[in-house]
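Notes to accompany the following structure.
Labels run A, B, C and D following the written order; every chain starts at residue 1.
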Amino acid sequence: MPTSRLEAFSDGVFAIAATLLILNVSVTSGSLSEELVKIWPSYVAYAVSFVTIGIIWANHHTVMGQISHVDRTFLVINTLFLTVVAFIPFPTHLLSEYILKPEGARAAAIVYGITGTLVAVSFNVLWRYAASGRRLLKSNASSRTVDGISRSYLPGPFLYAAATVVAVWNPVVSAGLYAALALFYVVESSFFGDREGPG
Amino acid sequence: MPTSRLEAFSDGVFAIAATLLILNVSVTSGSLSEELVKIWPSYVAYAVSFVTIGIIWANHHTVMGQISHVDRTFLVINTLFLTVVAFIPFPTHLLSEYILKPEGARAAAIVYGITGTLVAVSFNVLWRYAASGRRLLKSNASSRTVDGISRSYLPGPFLYAAATVVAVWNPVVSAGLYAALALFYVVESSFFGDREGPG
Amino acid sequence: MPTSRLEAFSDGVFAIAATLLILNVSVTSGSLSEELVKIWPSYVAYAVSFVTIGIIWANHHTVMGQISHVDRTFLVINTLFLTVVAFIPFPTHLLSEYILKPEGARAAAIVYGITGTLVAVSFNVLWRYAASGRRLLKSNASSRTVDGISRSYLPGPFLYAAATVVAVWNPVVSAGLYAALALFYVVESSFFGDREGPG
Amino acid sequence: MPTSRLEAFSDGVFAIAATLLILNVSVTSGSLSEELVKIWPSYVAYAVSFVTIGIIWANHHTVMGQISHVDRTFLVINTLFLTVVAFIPFPTHLLSEYILKPEGARAAAIVYGITGTLVAVSFNVLWRYAASGRRLLKSNASSRTVDGISRSYLPGPFLYAAATVVAVWNPVVSAGLYAALALFYVVESSFFGDREGPG
């Protein structure tokens, strides 16, 4: 299977998962103008998850840009990774709905954090499987770029896991941390995992 | 990242956001034939938003057709732009549901207008970032075409902002303006932002 | 704009509209096994609409295969055509829900028929605009193929309009006609609008 | 029609059907933390169906990789095959909702199994139509690879049919078998239907 095919399918899942997020933004009966203000967590959750999926998409291309071919194991890991990515709309819905409620906020923030942690972990597994011993890398992939990518992806699982632990004490703070992580990855150079350029 | 990849992902979001609009067209219990007549604003809102996203898609290609490469900042702007585009189904739903109700019409029309304004603003930022100092342009991009595109995109934010202000006084008139804007962009030459042809 | 881009966007809309149809298949409370039998019109409506969109997709490629370039008007017609295609899930839902109910069946069948008629009409307009005076055709497009395509698309609007008229008297018969039309187009050679082959 | 077009449309349906599965994961009112535990069958059903569609996608590419061209009949079979694949979210919803309820579990498990069987049958028909007499195969497709693919796809219909029969006696066991089948196909070499490599 050429890598372009894998990218096309993965991109489809990224684009659909991101666009489905809007289904979590909804109003119930009552005064519409009051409702539209009251559901502000939906807007934030929508934007944070959409941008997070955008970052995942960009990082996935960085990985694919270093790879010459894929094998069976890589495809399995990629499918499991996409399974977790396509799950994101559900915890986003929970966070939109429950983050300001006394009961439910903690559970919602923990589920969001676990999902984020699993995305980060499975993405690291995907990359490390390809890069370990240069197993699937292009012959001209520079060691410096490869090491830079490895370093830039490493903190993700720990940062999401830490924010998940914070959710046990304070769900609102942990939700703020998820937003901060998305913002951080957008501005930080590791957005494309490669200091040499967006290549 | 090659521009073709960015186009493919963006096209996916455009196509999905447009196709999801149909989920806003629905009937509740009661006489079906009466319901089908009563929900006519849903049909109009569906068509206006679908065509609007079609115009955005065509304009996005006009921009990409002038660009030789993308950098990190362009990708971030593009992601934020797509976040706003994929939001369109929500205000479309509000307009379908509330435009004929005494309470809610104003809020619905204002949210639709703000979304349209943000789409137009972020699209202008996207283009101007690429075109400013010919930062990301193809070396053979003609100045006349580039200036023509810049001019044709400029009025968008102001037109949508003006229609949004009208919504404060008269939501129905502003909804008519959103429809008129979509119609105008379809027939106007700036549909493809390029007087030289659809290239 | 290259024709490949237009095809990719249109294919996205076809694939999404078809896949969204499954959202119309649902059960309400009550005995599940009885419910699953009672909703048999949902299965038929799902399959008929899915196959119909599949036929539209194949025919759209036949058209694009004869075209060398697209112009502004073609893009506008294509966008309006897609607006109607992406509407199909709504009348499919109506047919699933109301075809066996005394009240609602007629309205549902008429709306389905009108949508089908508009799809067929807009598709004919799309093709005839491209083919008239060989406006957008490839220079090597054979007249015989072009005329064959024109002939094969002509009956569609009349057949759907006739089935819609039947719905006024007997909605169930007209629903059967919609299914028969899908079946007919699948087996008939005009499936790909081209007797010379699927090329 | 080039095979790449057929692949792109089919991939779109695979990606959308997989990503729509998340809409089946939802909570109702009540204590959120208890709800999140109680709906564990949704998570399993989501993961099993997502991975199953991933396997179908990979196998579809294996088939397309051996094919030089498509004809009208192949397109019809492919459309019917996609109709069944895009149906998967519905039985997945049934399984999520009913597998632990005394009433409904059997019907849900049977519908899931029938769908799985139809997917496997239509996929075999698709491949066997292409491979029979090397009708649509590339001239350089090796007989050994072709025979290997034929063998590896053969058990699917029987395995799914057997699990469906089990559902009549014990729905929970049959649900376990569906999960085991997905797991088996992931680890087994027939994941890509080709012992020579993922080609």
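Here is the rule we use: a contact is a pair of C-beta atoms (placed from the backbone, for glycine too) under 8 Å apart; a residue touches a chain by one contact, two chains touch by 3 or more.
Predicted model, so just to flag it, every value in this text is computed and none were measured.
Minimum number of contact steps separating subunit B from subunit D: 2. Matching CA atoms, the turn from subunit C to subunit D amounts to 90°, rounded to the nearest 5.
Greatest Cα centroid separation from subunit A: this falls to C. Copies subunit B and subunit C of the same chain sequence form an interface built mainly from non-equivalent positions, shared numbers / all numbers used being under half. Averaged C-alpha coordinates put the centre of subunit A at 26 Å from the centre of subunit D.
Under the contact definition stated at the top, the residues of subunit B that touch 2 or more other chains are 8, 12, 16, 20, 23. Shown are all chain pairs that touch, namely A-B, A-D, B-C, C-D. Note for the complex: subunit D touches subunit C at residues 1, 5, 8-9, 12-13, 16-17, 20, 23, 69-72, 75-76, 79-80, 82-83, 86-87, 89-90, 93-94, 98, 103-104, 106-108, 111. Note for the complex: subunit A touches subunit B at residues 7-8, 11-12, 14-16, 18-23, 25-27, 31-33, 36, 46-47, 50-51, 54-55, 57-58, 61, 65, 186-187, 189, 191-192, 197-199.
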